[in-house]
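Structure first, then comments.
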Amino acid sequence: MILANDSSDQDIKPSSKLSRKELYDDFKRVRSFSDVLTEPLLTEDYVIQTMTDVSPTKWHLAHTSWFFEAFVLSEIYKDYKSIDPKYTYLFNSYYVQVGERHCRPKRGLLSRPTVNEIYDYRNYVDHNMEKLFEELDDKIFEAIAPVIEIGIHHEQQHQELILTDIKHVFSENPLDPVYQKNNYKSFEINTIFNWIKFDEGIHYVGNNGDTFGFDNEFPYHKTLMQPFQIASRLTTNAEYIEFIEDGGYQETNLWLSDGWSTVSSNNWNSPLYWDKVKGEWWNFTLNGFKKVNPDEPVCHVSFYEADAFARWAGARLPTEFEWEVVSSNAKKEGNFVENMNFNPIPNGNFVEPIQQMYGDVWEWTRSPYSPYPGYKTLPGALGEYNGKFMCNQMVLKGGSCATSKTHIRNTYRNFFSPESRWQFMGIRLAKDAE
Amino acid sequence: MILANDSSDQDIKPSSKLSRKELYDDFKRVRSFSDVLTEPLLTEDYVIQTMTDVSPTKWHLAHTSWFFEAFVLSEIYKDYKSIDPKYTYLFNSYYVQVGERHCRPKRGLLSRPTVNEIYDYRNYVDHNMEKLFEELDDKIFEAIAPVIEIGIHHEQQHQELILTDIKHVFSENPLDPVYQKNNYKSFEINTIFNWIKFDEGIHYVGNNGDTFGFDNEFPYHKTLMQPFQIASRLTTNAEYIEFIEDGGYQETNLWLSDGWSTVSSNNWNSPLYWDKVKGEWWNFTLNGFKKVNPDEPVCHVSFYEADAFARWAGARLPTEFEWEVVSSNAKKEGNFVENMNFNPIPNGNFVEPIQQMYGDVWEWTRSPYSPYPGYKTLPGALGEYNGKFMCNQMVLKGGSCATSKTHIRNTYRNFFSPESRWQFMGIRLAKDAE
Amino acid sequence: MILANDSSDQDIKPSSKLSRKELYDDFKRVRSFSDVLTEPLLTEDYVIQTMTDVSPTKWHLAHTSWFFEAFVLSEIYKDYKSIDPKYTYLFNSYYVQVGERHCRPKRGLLSRPTVNEIYDYRNYVDHNMEKLFEELDDKIFEAIAPVIEIGIHHEQQHQELILTDIKHVFSENPLDPVYQKNNYKSFEINTIFNWIKFDEGIHYVGNNGDTFGFDNEFPYHKTLMQPFQIASRLTTNAEYIEFIEDGGYQETNLWLSDGWSTVSSNNWNSPLYWDKVKGEWWNFTLNGFKKVNPDEPVCHVSFYEADAFARWAGARLPTEFEWEVVSSNAKKEGNFVENMNFNPIPNGNFVEPIQQMYGDVWEWTRSPYSPYPGYKTLPGALGEYNGKFMCNQMVLKGGSCATSKTHIRNTYRNFFSPESRWQFMGIRLAKDAE
Amino acid sequence: MILANDSSDQDIKPSSKLSRKELYDDFKRVRSFSDVLTEPLLTEDYVIQTMTDVSPTKWHLAHTSWFFEAFVLSEIYKDYKSIDPKYTYLFNSYYVQVGERHCRPKRGLLSRPTVNEIYDYRNYVDHNMEKLFEELDDKIFEAIAPVIEIGIHHEQQHQELILTDIKHVFSENPLDPVYQKNNYKSFEINTIFNWIKFDEGIHYVGNNGDTFGFDNEFPYHKTLMQPFQIASRLTTNAEYIEFIEDGGYQETNLWLSDGWSTVSSNNWNSPLYWDKVKGEWWNFTLNGFKKVNPDEPVCHVSFYEADAFARWAGARLPTEFEWEVVSSNAKKEGNFVENMNFNPIPNGNFVEPIQQMYGDVWEWTRSPYSPYPGYKTLPGALGEYNGKFMCNQMVLKGGSCATSKTHIRNTYRNFFSPESRWQFMGIRLAKDAE
């Protein structure tokens, strides 16, 4: 059984490791976390789409509910009826077999259904899902459980998008709306930078099936890796400002050819959301418009900028497998969305040799998003688009301050096109063995 | 003193014919009519911009209030303070001397200020204006009165835009929202078509200053006109369908060169808002999605379509002066916005020889929008853009079902670019004398 | 019988004033003048198209020959055969009834037919035309004579385009090719500027049929004109440089709205072909890259620039009828293409009260290109596009240094879209009576 | 020392395996082969640029000469002077350190220098190179030899482009010019299709330095490969027509997301140069416009089409390493440019188990063009763009009917963006082990 979400394609082993009770608790917890995230918003905030990549908040809320209707409820209950049959058309993202879809760039042209109507829709779906959890025959439940599990992970992906998208919406508004006042407390900061060495070796990579995984993490397989070194922590704003001030954005030689075109035609000279005010760098955050903190990990850079920075620094980006091997024994701790910072924070870890592997920012790798050897597309509507995005995109690892801790794992492959930068994306350096 | 509104340039005699009391009553009446027009809307409806020409309803409500702040209140009260100083930036449309402006195509990217905040802003302005009406010294009042009068007419222009813009917003929504259920009652319909002849002659055209007028209606001047004939009524949907079915949209020879490019590159084959459903023409209206009524005046056609239709019919469009001379003795009666139909209605006039000169639809003329001989641009911010639009636009006459009766007059020159069709625009034929 | 050429629509009285001998002499003279104009070119120069408006020289040479095939030879000789049947497709410009056409922007993508093949084609057509002149029955000849006359005028129009187009082609080449070394001799220069006054009056305008004219010059008709004043000479480069240095290109208030968009999006800050080198203005001409001569008429400005300049100068552009009335008694003398200067020259006329009405530069008027009252489109392929361009274009009068003296006349209406500037276009000021 | 050519980035070992005599012979042979390839062209054919990817023939001839001036002659002779100093600007492709460049999409706007002038330029450079071969001190020669070797390979790359570009130029011409009448003789055709199996294993890939190689082929390194199967021959036109007729271009599920956008927005429904005439497929070739030969390898398909075809066929494309391992023992024989067919030909090999590995068509792999582990960018102008194109491109292997036999090798990595199809590009299928 397979699932494709709005910006990825994924495949799962067709069984769930979770009990009915665990799944129900996850469902309740994740669904209600969407309410937590939208609490600071006013009605008008739910409606806006500021660029094609961004979807209105109310669309995300409806689309994640539609998912349970399309792939669970109407699969189980043949007479299942949605509140409004047109919702299928409006809130499908790209599943062709499920029918026609409303055009993505036009999601911001819809005043109706209203926010209230969409909450009614969510309640309607939740109500039906709860009934299903209660009453469904065990055998049938077991068959549908993996799809429900996907639906839960799917909603977590859209929770991350709700945050990155509302950040973009607010950033376009001259009134500088604040999503949430900052709540992180200052602490001692570890700025030490080390290169950590790894030897040549044959490693297993990919998901071994012990936990949930999307299809693109499979099959689990061996790979031969050359020796390499990796940075002990993320690149900071202070380091990135050095790159800017050294003329990094003006030096053609540092850039990939497509990167140079992108930077030139968009007149980029700093990360997204940065602005120079009276000689000082400020940036727009979900906590307001603030001075750039030099100790925070740099964020909202494209692959092109990450790659040019690495070249400037005499280094390179890691491959996805280097990152995976490095992190394979790391604890999954970090600045996740559960911390409610909604922004990366400085490195406060003095204990581990390698820090900040999880949370804060997605880490760009130099690996194009490609199928693993033996990767298979599975049949059916959920799987129709598996592999569909495996071209012109780069892999990112580790999750961000907008990712749920329960959503991320070592083998997770996020991917975006190399010019994207509205997600919380940053840089960890690597280099070849000397 | 001069005023330029969002889509016109205008000039007034620097004195008002109205008493302080009359002006106050007009102010109150027109301001509150904006509330009437927005009554059917829900919060989300106020936010959307579906194309560059369209502005969100809340923008219109704020911009018309801003006008009184920028050109009246802050002129009179040197210490006048707006609720939020950024509103000047957000709600200025194009008056450069008043400062920088928020970019037009981005009006739909703003969730804040909210609808409630904009109503607070309107109340704040109204309150201050009422104070001004009460307390202002007569001499100063007399000087500012013509600007207030312009402000009132300016708001009436935006009331028309509120209707045409929300129509476009609703038309993009697959849920087919209804602005108001139709309330017009059927009656006997006059479909008789006559050519009415006019002789050669020298006529005075333009505004003689007895009533209010925008600057583009001045100076009042003589013109020599050749003999011509004009249609006794507007072109109907039935007649336009004949044109469509005769292959009008496929016959290059009927079209202006720029018209053919426009039709081809946009794949137009009918008026805006029309859709063929199972062999029958339907159209989206503010009263819902309905079958095209053959007896209604055709509406939402561009100049190019009006011109091609006229050529197909062996006729042409009238010049603006022909229209002005024909209407000079007509009663200003018709289907105006006060009727609350929000749609053109069939011709029910059996009395006058020439019908439907006012209301229903703006009538395209073949006259490019140009300055009258002796036209002068006046000094100051209100006048800074006079004449600015006198290129690549065509003149329309007579007002529509979205125009206030108290706003329109014989000499009124509306103008739009020849490919525009989201206003209520239609066709009256003319031809040369035989 | 009617003719439309590549950039105009035209109508003629269906008889020629010229004898068979006169027409034959004109035909020979005009056809061979095309050879004179292409003499400085090398094979590669004939092939290039630098923008959509520009056609390759070899296309012009072929298209003007095709005209005689399509509208004369194949009309007279039913068994007439072209050298290659595909030429009809390749060298038709826009006469739909004559069949499909090769797409205009792709004219520069054709290496074949070669230049030699096109000269063979011209000779083939000339040979057949001469046979026709010799042998045709008088009665048939009389019927076809007006079409031949149009064909001759049509070729003269394309001779002007050969010059303006090769100028654009050469200007794009970093090697600065020179078409012809300058041959004009310096003389005493008249820089005196006067306003010449004209009273209100009723005038006849348009072509009265005594000479050849295109259809857009008809019908001859009365018009009532207000009093006005006109500049005694053309605007010079020195005057235009004052406008530039006074910040004319930066001052929004001086510009039409569409003009400001055009100037901003193209980053215009001087006429086409001008370049500032070490603080001095230079311009690319057909005589080489040279310092701007302050006494020459300014050239290669768009309507928007002419209009903004006039506003800056406290004046306006003349209407087409003002120009026509002013020039009605002027001698048709000036710097025409026969002078072989290929560039406007300073005013050397100390005799006439109004100078430079003809030749040097086409003079922008403020008149949109519209049909005269009573204008009629005639039937048949030559007339199929009459009136087709009567939208979004402005009228120019008087001819230029690239126009044949035998081609221009008082009533001639040239027209281009307001942003065009690759023709030899300049400025004469006018203003209202004081 | 490093070299980057117009569409690749390359790296060489800084010494040449060739003797001075061998290098000289290669230089003479390759330079004169450019004359052979341009022999069928007329002057006008050298000038045209039909799309940004295409360069005019005369540009290729000049650019390959410029290369020897910029990187050899002016390095060796400090007082070296080019015929025209502006040629450096005009014929540089993208080497920023060598100075500014004429904009790529404008290469077709240059009539000068003429074709004759460019041949003079080539002769001038050849003359100076011969002098260098004769007179240069051995030690210095040895240092510059690898750059000369690169220059020779660089010219071979542009010889391939001369053919693919003139094919595109001719294909745009309605007169269907023929570059060369077909000269291939029919023979017995092998249409048998087998899957050839390969086991898991660790293999060395990349260039071991025994022969010339570009920098992107280094370092030679180990890789671990999973078992796989590969097609014994190329995909034929007959097989691709089956895909078309089965609705392959209409079936979203078969396509990558970016592929579907590309196909939809360009309305592709067959390979480039194909046209359906009266129910039969024809294609434009350098031998004329001909019926599609079902037995020829399919050609002029993009990566997207190759990938969709493979999915439709229940297979996938090979990785670049799979292709390299398969071909490592194959003889370098095939239909190369030396055969002067200028078109792929049917499979006539009944001897080898795997056929058509070299020549005919470049074979798309599923491998994104990425740096090998340990890949290094070298210093200097020739190397300034190494790695510059390693994003958004796919690797192709094996050479085509437009590639020189002396240019291709097992480890050669060609690369193009996935939507390119004007090169001779085709398909070999692969699949996972069962």
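In order of appearance the chains are A, B, C and D, and numbering begins at 1 in each one.
Just so it is clear, a residue touches a chain if its C-beta (ideal position, glycine included) is under 8 Å from a C-beta of that chain, and two chains touch if they have at least 3 such contacts.
Since the model is a prediction, treat every value here as computed from it, not as a measurement.
Looking at chain A and chain B, no chain is in contact with each of them. Here the spacing of chain A and chain D, counted between their Cα centres, is 38 Å. As a whole-number value, the distance joining the C-alpha centres of chain B and chain D reads 60 Å. The distance from the centre of chain C to the centre of chain D, with each centre set as the mean of the Cα atoms, comes to 47 Å. Across the assembly, chain B contributes no residue that touches 2 or more other chains.
Every pair of chains that touch is listed here: A-B, A-D, B-C, C-D. Residue ranges on chain A touching chain D, taken from their complex, read 96-97, 202, 221-226, 228, 252-253, 255-259, 303-304, 307, 311, 366-368, 370-371, 373-374, 384-385, 387-392, 418, 432.
Put simply, chain C touches chain D in their complex at residues 42-48, 50, 84, 86, 89-90, 102, 106, 108-115, 169, 172-175, 177.
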